[in-house]
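Order of writing sets the labels: A, B and C. Residues in every chain begin at 1.
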Amino acid sequence: MNKTVNQKAWFFVAPVLILVAFNAIVPLMTVVNYSVQETFGDNVFFWAGLRWFEEILRSPRFHDALGRQLFFTGTILAIEIPLGVIIALAMPRKGPWVSVCLVLMAMPLLIPWNVVGAMWNIFGLPEIGLLGKTLNTIGFDYNYTRQPGDAWFTLILMDVWHWTSLVVLLAYAGLVSIPDAYYQAARIDGASSWAIFRYIQLPKMKRVLTIAVLLRFMDSFNIYTEPSVLTGGGPGNSTTLLSLDLVKIALGQFDLGPAAAMSLIYFLVILLFSWIFYTVMTRGEEQ
Amino acid sequence: MARITLKNLKHAYMPNPVNDEDWALKELNLDWDDGGAYALLGPSGCGKTTLLNLISGLLTPSHGSILFDDHDVTRLPPEQRKIAQVFQFPVVYDTMTVYDNLAFPLRNRGVDETTVNKRVLEVAEMNDLTATLGNRASGLTADGKQKISLGRGLVRTDVNAILFDEPLTVIDPHLKFQLRSKLKELHTRVPNTMIYVTHDQTEAITFADKVVVMNVGEVVQVGTPKELFEEPHHTFVGHFIGSPGMNVLACEVKNGHAYIAGKKIATANKAVAKAGKSEIGVRPEFVKFARQGLEARVVKVSDAGRFSVVETDSAGGRVRLLVEEGGAIPSETARLEFDPAATRIYSNGWLAGREGRP
Amino acid sequence: MARAKWLIPTIYIIFLMLPIYWLVSMSFKTTNEILGSFTLWPQNFTLENYRTIFTDPTWYTGYINSIIYVTINTVLSVTVALPAAYAFSRYRFLGDKHLFFWLLTNRMAPAAVFALPFFQLYSAIGIFDTHLAVALAHTLFNIPLAVWILEGFMSGVPKQLDETAYVDGYSFPAFFVKIFVPTIAAGVGVAAFFCFMFSWVELLLAKTLTAVAAKPIAATMTKTASSSGYELGLLAAAGTLTIIPGAIVIYFVRNYIAKGFALGRV
């Protein structure tokens, strides 16, 4: 659509701009302000320069949290994206079952995050949880509150449970937008199901899958409530992701300077990854 | 290439059809000659796309059988029928180049790359696509995409028939003519059986040697464009083909003669007509003003260039006729004369003496 | 193989339903039954947990609080997003692309980063512990998303609609409210759905910005879990109740979900 140049359009954008700027810029300035100062309480601040940034970037604690975060995000993306696509492909295209599937699948998306955490907390309990009891009954020594491996397993399973539906819905939306003629033409051209997936379905899903990966990337990097309720970062620090660590430093120890510096680094990491991914995914379309 | 035979073919989309209306396609027997250029003409929803999809194998008929050269293909899937089909909306594989699009049907069938290359270049040349072979198919215009769809059909050497499902719907008017000419030209170079579905009589008549006219799920007439014009077998054909369409007037048949308001009208098929309420069909081209004949009142005159279309009201209903430029048009009451050789009696819509299906 | 296709979504849905079932079934059990033995369904079916929630104000006001700020947020976000999305879909103006991208970057901001500054900012302007505070904080995430979704829908409406309306003598506000918004009703529904969804499920900010008066149900749950020991049945009942509003909303927008996802543009 060709758009007309009209500077008055700023008036339409103004309310959004004011609200978002108020919410984004003032707090961001606060964070920047803290990140370069040191405080010993009583609202007395000293200039600290970039000391906190250097400290955070060098600290093994941050490296570990970032490493865990990358492992978590990488794992859930590697599971949720293909799984979501497979489920979307297997879903009916029309008929009464479509609504049933969509409604049931969207359920986890609308459950408050701490309830999700609490639900899995209960579900996984070795003595009284369905999952924990079942696993122990069939011979696994499963206890997510004591064994880091089990904690990770539960954390990832919970995230797959919570968010795969988002990928399914996006992929499904991409699939149903493909006109029947494409499938008919492909059958006439003698295409195999793999060729149909590779040359029709996947290209048509590319845009929505880009959105899916971006959203899942951002949200999994920001994840806080569910793991905090499920494992509280434990056992030990084994499941302490970036957000958990940040909240521990900021609200637990009240180290405002390092917390602020860490916030900014954290935010920049997300922006950087999103930007790289977005550029790579959309480069093909520009040509 | 093959002759296609449809035997007692019927199709319904619902599982247990009861009424006549439940059938999307009513019982049909039809032969399509090898190498013929056919048009399947009818209004939207008349079942022409259903028929096309039955032939290509995208649908399996609820009843009857389809033979390619006496070989029963009724239960075969499309990829085993050796059929090509071009759809209403252009289908191209967006991520592939034009070359890869054209090569796709061959590669799927495991053809070796030297043959693929040879065929693709040949077909690209036929379709004026040579210059764009290396381009991404998604960037082309609608007519370019339709040429690719067509090319994917032509690239295979083994196709029995090429089917077109209203292929010019999304093409700009000035390109429609070009593409249609291209199709005709291709048909002379590659004498495949071609079946062209359309609701546009001009497209049907200019493309096809033989036109199959359909209405509400049944074939009403098969014939050359000339036959359809001169001797419509059904009032629907008379009405749908020709512009303006055939006049259809209520009449009474007694002793094989047609009467409108007591006035006897001479017709070509009087002897076979049965008594009772019937209709008279006559094309505007075969009606003229005369001293005597059916009484009528001129209602409206519209100028259509070389001639005028005059609308009149008669006892049998509305009658349109053509008057050449400069011809006299009575101002109020007039008398109309029908050419007896081109005036026919229809009963229940069908040409008297030819009732029932073709 | 094609015939067994339905198995995949079916198994997936069963997997989704199992934890929910466990939560719901636990909410009908007595504390003794939960802690004492492992039972697949309630042996001593009880409504005691629900009775507690519906009679104790600390519980049910939590629900009311949540619903109030979610509603304020949804209405506010969609209302301001509508004209902005219209501007992005119809006009080019100085800095439009940068502005759009900047809006989206806010969607990426970790809530944990903003929790403390929000607390200070809202305390300073005196709206700490009000519904408005939570609603405002959530707009940071919801407005960008709403603008993005609505822009996608609006771009699908041909410009001729606007022009025809002006020719017919509509003023801009009349056209916008009476013709344009009803045309993209599906988009408004989808945008509202997403705003509702985020605001309903978010807890970190909601908890940080409230103390007593506007405390959300989710926060009440975490407090109870830690303070009054291990009242799992009560916790399960409260959790079950938080699923219901979401389920109702999904049911109403079920026909738009697939479409809405497809029309949002990057």
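Everything below uses one rule, namely that contacts are C-beta pairs under 8 Å (C-beta built on N, C-alpha and C of every residue); 3 or more make two chains touch, one makes a residue touch a chain.
Since the structure is predicted, the reported quantities are computational estimates derived from the model, not experimental observations.
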*From chain B, how many touching-chain steps at minimum until you land on chain C?*
2
*More C-beta contacts across A-C or across A-B?*
A-C
*Please report how many Å separate the Cα centroid of chain A from that of chain B, as a whole number.*
56
*Rounded Å distance between chain A and chain C, as computed from the means of their C-alpha atoms*: 16
*Hunt down the residues of chain B that sit against at least two other chains at once, touch-wise.*
none
*If you look only at chain B, which of its residues touch chain A in the complex?*
53, 56, 58, 77-79, 83-85, 87-89, 91, 93-96, 104-105, 108-109, 136, 149, 152
*Which residues, counting only chain C, touch chain A once they are in their complex?*
5-9, 12-13, 15-23, 26, 34-35, 38, 40, 76, 80-81, 83-84, 86-94, 96, 99, 103, 105-118, 120-121, 136-137, 139-140, 143-144, 147, 155, 158-159, 197, 200-204, 217-218, 221-222, 225, 232, 235-236, 239, 242-243, 245-247, 249-251, 254-255, 257-262, 264-266
*Tell me, which parts of chain A touch chain C in their complex?*
1, 3-10, 12-13, 15-17, 19-20, 23-24, 26-28, 30-31, 86-87, 90-92, 97-99, 101-115, 118-120, 122-123, 127-131, 133, 161, 164-165, 168-170, 172-174, 176-177, 207-208, 210-211, 214, 218, 221-222, 224-225, 229, 242-243, 246-247, 250-251, 256, 259, 263-264, 266-267, 270-271, 274, 278, 282
*For the complex, which residues does chain A have touching chain B?*
179, 181-182, 184-185, 187-192, 195, 199-200, 203-204, 287
